[in-house]
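Two complexes are shown next, each including chain A; its partner changes from chain B in the first to chain C in the second.
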Partner chain A sequence: MTPSIRQHMAWFHTWFGLVIGFLLFSVFWTGTLTVFDKEFDRWMHPESRSVQSQCCSLTAAQLETVLLKVHALAPEPANIRFHLPTARTPMPSVRITEHDNTLKTYYIDPDTGKALPGEYTLGGTGFFFPFHYKFNIAWMNVGYYMLGIAGLAMLTLLISGVVLHRKLLAEFFLFRPKKNRARSLLDLHNLSSVVALPFYITITFSGLLILFSIYFQWATLTAFDGDKAASQKAMSGFINLPPSGFVENDNQKLAALKRIPAIVQAREAAWSAALGEHTTADAINIRNLGDSNALLEIRRVFPERSIGMSTHTDTFLLHTDELLHAHEPKPIKSFTHWITGLHFIQFDHAALRVLYAIGGLLGCVMIHTGFLFWLESRRVQHHTRKLSGFAVVQALSVGGTLGMMIATAAFLVANQLIPHHVANRATLETDVFYSVWVLAIVWAFINAVTYKSKQWLTPTWLFTALCALAWLLNQINTGGMVTALRLQEMNSFAIDVGLLFMVASGVYAARKLTAPARVSRLNKEAFECN
Partner chain B sequence: MQLNDWLLSLGMALLYIGLLCTALSQQKHFRHRHWAGRFNRIGLRSPGVRRLTGTFALLGSAGLMVFSEGWGFGLVLWLMAAAALAALLAWMLAHGN
Partner chain C sequence: MTPTSRNLSVNFYRLLLAFPAGLALANLLAAALAIGLFKFGMAQSEAMTLGLLAAYLAMPAWMLWIYCTANLAWLGAKGLLLGLLCAIVIYFP
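After this line comes the complex of A and B, so read on.
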């Protein structure tokens, strides 16, 4: 008898999910953390939390102070990229690329001109975010391709899961915690999958769409006869002029920098008039400052109350103030920006971002319970037949899911403990993350092959303890929640609340793990062996 | 609180009621220990009536969210809130059944 389509899908869903699930968990986990990436930046870099003046807008004088400070920090930069202040990043941040491609990042106080080196920590935007989209693997774009495979796998797993789940609507709200463990886990897997199914599909599809130009470079280039510059100009308004060779002197550079605030204000006024609402720029790029072909790019990447991104990009010849190109995306590109904006979640809507984080956590629960169901449904069979697959999958599940969570908590603890003056401090933090993750996987394997008990309980307690420690250290080092409330600094406050939530969840999970298991006499022995 | 916040809160409450009505119209939760009696007392006795009420409440909540937040934010917010509240509701119903 030939297997039905549902049986094919069941096989695919089980085994493909098992193989790719670890990758997907790390994407979902870091994606959930990335929803609050800038909040993590503030939590991990306390000096960048607030400024003396009123938050979130720069006067012309403040912008000039910042620009002149940047010039003092890097007189001959290849590229300067500013992010103007927002409620989530009260200090303007600057990324300076030198001609030898070295990158320096700073936060600059617009009142005093004081520069804080961004190398203090990678934080959320420098570590969790790139981990989410390329696993921090830059070599040959391998990380991007791994993510592409994971994304496609996720879409197919969602489709096969829908085909598999016979009573998707009839059992929409079904969860039976008092049934046997395998049944409860399957219910939880189904529940966490079905309730957020539109979110998973949208977030996976939009994720693939964002990296489309990396996977299929030829697709966009073909439309422009292989002309990369024309494609970039049409798609994102990006223009680059080759250096003219005429070098501007220091006075000319300073004069050009001092004119920038007026140009920015003029463009903001023009955008506001065109849209009929108050509009501000949020990013400024300066390329080849010392050359007479230096370019100034003023962008509106993340409008405040809009899902769509990158609405305006205006490019000027810096030393003559000549407007070279005012880019407004075509309708189809605007639609793409709307879809990608759904994924980037940089809009100013705290409630929606919290709901996104809940959606991400539901995704983690979905993947984790998928592993647990695989293990529970095979526990007796593997134990009876002395198969080693169970131990391997259990070890990978512990290391790949809880191990990653423990590594994240250890990363936050390291951030609080490593002294300020230590050289390569940010690298040391990431070393802690990877070391703890590897140790967790090794521990899980040793534990699994030696058939030790408490495979899940010990890591759960460890994660809980590390989250509590990270929270406590922040209270001691920076005043924590009390100081944050006093200063109305809600970014680091949100992370402290998140850590407390993780502690509460960890304690709840650990208590459930220590509760006597409702197991049948048949598989009691199997439970005791693992 | 501004009018938008009130509308949003009302939309969330309506969304939760809509999901609850829909859940209690399903076979697995129709005779729920805590909720079935209360629903019967206010006239929502049959699965059809509960489902219809739930559908109207869900549509009403979507309308309120779109009205207070605009089309884009409103619909995305409704979808995400529905996912979170449905998970919460399933948890709550499981522990009272």
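After this line comes the complex of A and C, so read on.
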């Protein structure tokens, strides 16, 4: 007999969700952390909090100071990218790419020209953010494709979930914590799925749309007759002028850099006049400085008072000030920028950002309860038939979900404990993250195979203790919440509040886990065995 | 082989087929729509964006459809037909 569509969907939802769930959890967890990536940057790099410029624009003199400092730091760069100050990053940050592709990052005080090396820590923007969209795997775009599979899987799982649960509205109001464990877990899984369903669809679809140039590389190239430069110019305003080979001397380079502030101010004035409101550039890109084909890009990527991620980019030939291209997206492209802007959440609205974080955490709950329901509904059956699948899935669930959370907390603790002067300190921090994650997975496997109990309780306590330790170390090292309040430094204050929330949640969950469970004799036997 | 394990293998084969086939069809659709709309006078970047949006919306539905279709020959025939139509739009001068 041919299975019905719902039976197909049930199999798909159960088994595919189980296989891909670990990947999805890491995307949701790091995505939730990335909502506050710049806040993590401040928390993890306390010295950067002290560099304060007038928010959120630079005077021509300040911009010139920054540019000259960059020239002193890297006289022969391949690419320089500035991010001008914003409320969340109250100082200019600079990323310098050398010709051998080495990358240096700095925060620069626009008043004194003092440069703080960004190598101190990768922070939120350098670690959580790339983990969210490519799992920090750069080789052959493998990370992007893994994310693509996870994103498409999420969309298909959402569709199959909706097909499966016909009483969608009823499940919104249904949670029976006093029922048996499997029933309660399914209720919680359904509830966390339905309550944020529009959020999950939006965030997954917009996430996939951002990376169209990777997943739809063939289609884009084909539609533009194989002309990559034409497709880049039309789709994102990117112009790639190859170096002429004519190298300019140091005085010519300095003269070119000193002209930039005036060009930026002129563009900002032109944008403001066109839009009828004060508009500032948020990023400046200089490519091939020193070559006569050096390009200057002035971007207004994330206007703070707008959801849409803009790609209004003006590209100049630096040495002649000639405007080569002023990229203005057309209506359909602007619509996709609005959708991707929903994903990037760079708009100036703190309450909405908190809602995004809640949505992300609900996603984590949805995935985690999915695993738990799979385990609980098979516990007795697997125990009776002596199947090993239960132990494997349980170990992967513990390592893949709680293990990742523990690794995150350990990453923050390492950030507080590793001394300032240690070489490659940022790499050490990430080593701690990956080592702890691997150890958590190994521990979970050993525990599952040897039928030890407290599979969930020990990691929960460990996560809670590490969050508490990270919070405490920040209070000792930097003065923590009191100093942050005194200096009106709300970025790091927000992370401290988040850590306290995690501690409270961890304590609550651990107390629930220690409460005696009401289970049948067979279930109890299986519970003790597994 | 028990019926359960046979079902499991068949379902996994279907899943393995659904993802790359869905992505390939979506790429074809995006390119065909972009070229078709461009020929009808739409700006190239707009036509491409619209093609991408349509392909993104179609892709998960296709994947589930490929996964749920029991008859692989019938599925292959329909996939080939769609691919052929798209190829005509893309490559026909």
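Everything that follows uses one rule, which is that the second predicted complex is superposed on the first by the 523 of 530 C-alpha atoms of A that agree within 3 Å, B and C clash if a C-alpha of one lies under 4 Å from a C-alpha of the other, contacts with A are read in each partner's own complex, and residues count from 1 in each chain.
One rule holds in what follows: a contact is a pair of C-beta atoms (placed from the backbone, for glycine too) under 8 Å apart; a residue touches a chain by one contact, two chains touch by 3 or more.
All figures in this text were calculated on a predicted structure; none of them were measured in a lab.
Q: Is A:195 touching anything from chain B or chain C once the two structures are fitted on A? First, second, both or neither.
A: A:195 sits against chain B, while chain C stays out of touch.
Q: Can A:223 be said to touch chain B (first), chain C (second), both, or neither?
A: second
Q: Going by the contact rule set out at the top, does A:15 touch chain B (first), chain C (second), both, or neither?
A: second
Q: Touching A:139 in the superposition: chain B (first), chain C (second), both, neither?
A: neither
Q: Which part of chain C faces chain A closely enough to touch in the complex?
A: Per the touch definition, chain C meets chain A at residues 7, 11, 15, 19, 22-23, 26-28, 30-31, 34-35, 38, 43-53, 55-56, 59-61, 63-64, 67-68, 70, 90.
Q: Given the complex with chain B, which residues does chain A contribute to the contact?
A: 170-177, 191-192, 195-196, 198-199, 305-308, 338, 342, 347, 349, 351-352, 355-356, 358-359, 362
Q: Name, in rising order, each residue of chain B that touches chain A in their complex.
A: Interface residues on chain B, with respect to chain A: 8, 19, 22-23, 26-29, 72-73, 76-77, 79-84, 86-87, 89-91, 93-95.
Q: Which residues, counting only chain A, touch chain C once they are in their complex?
A: Result: residues 2, 5, 8-9, 11-12, 15-16, 149, 152, 155-156, 159-160, 205, 208-209, 212, 215-216, 218-220, 222-224, 231, 234-235, 329-333, 335-336 of chain A touch chain C.
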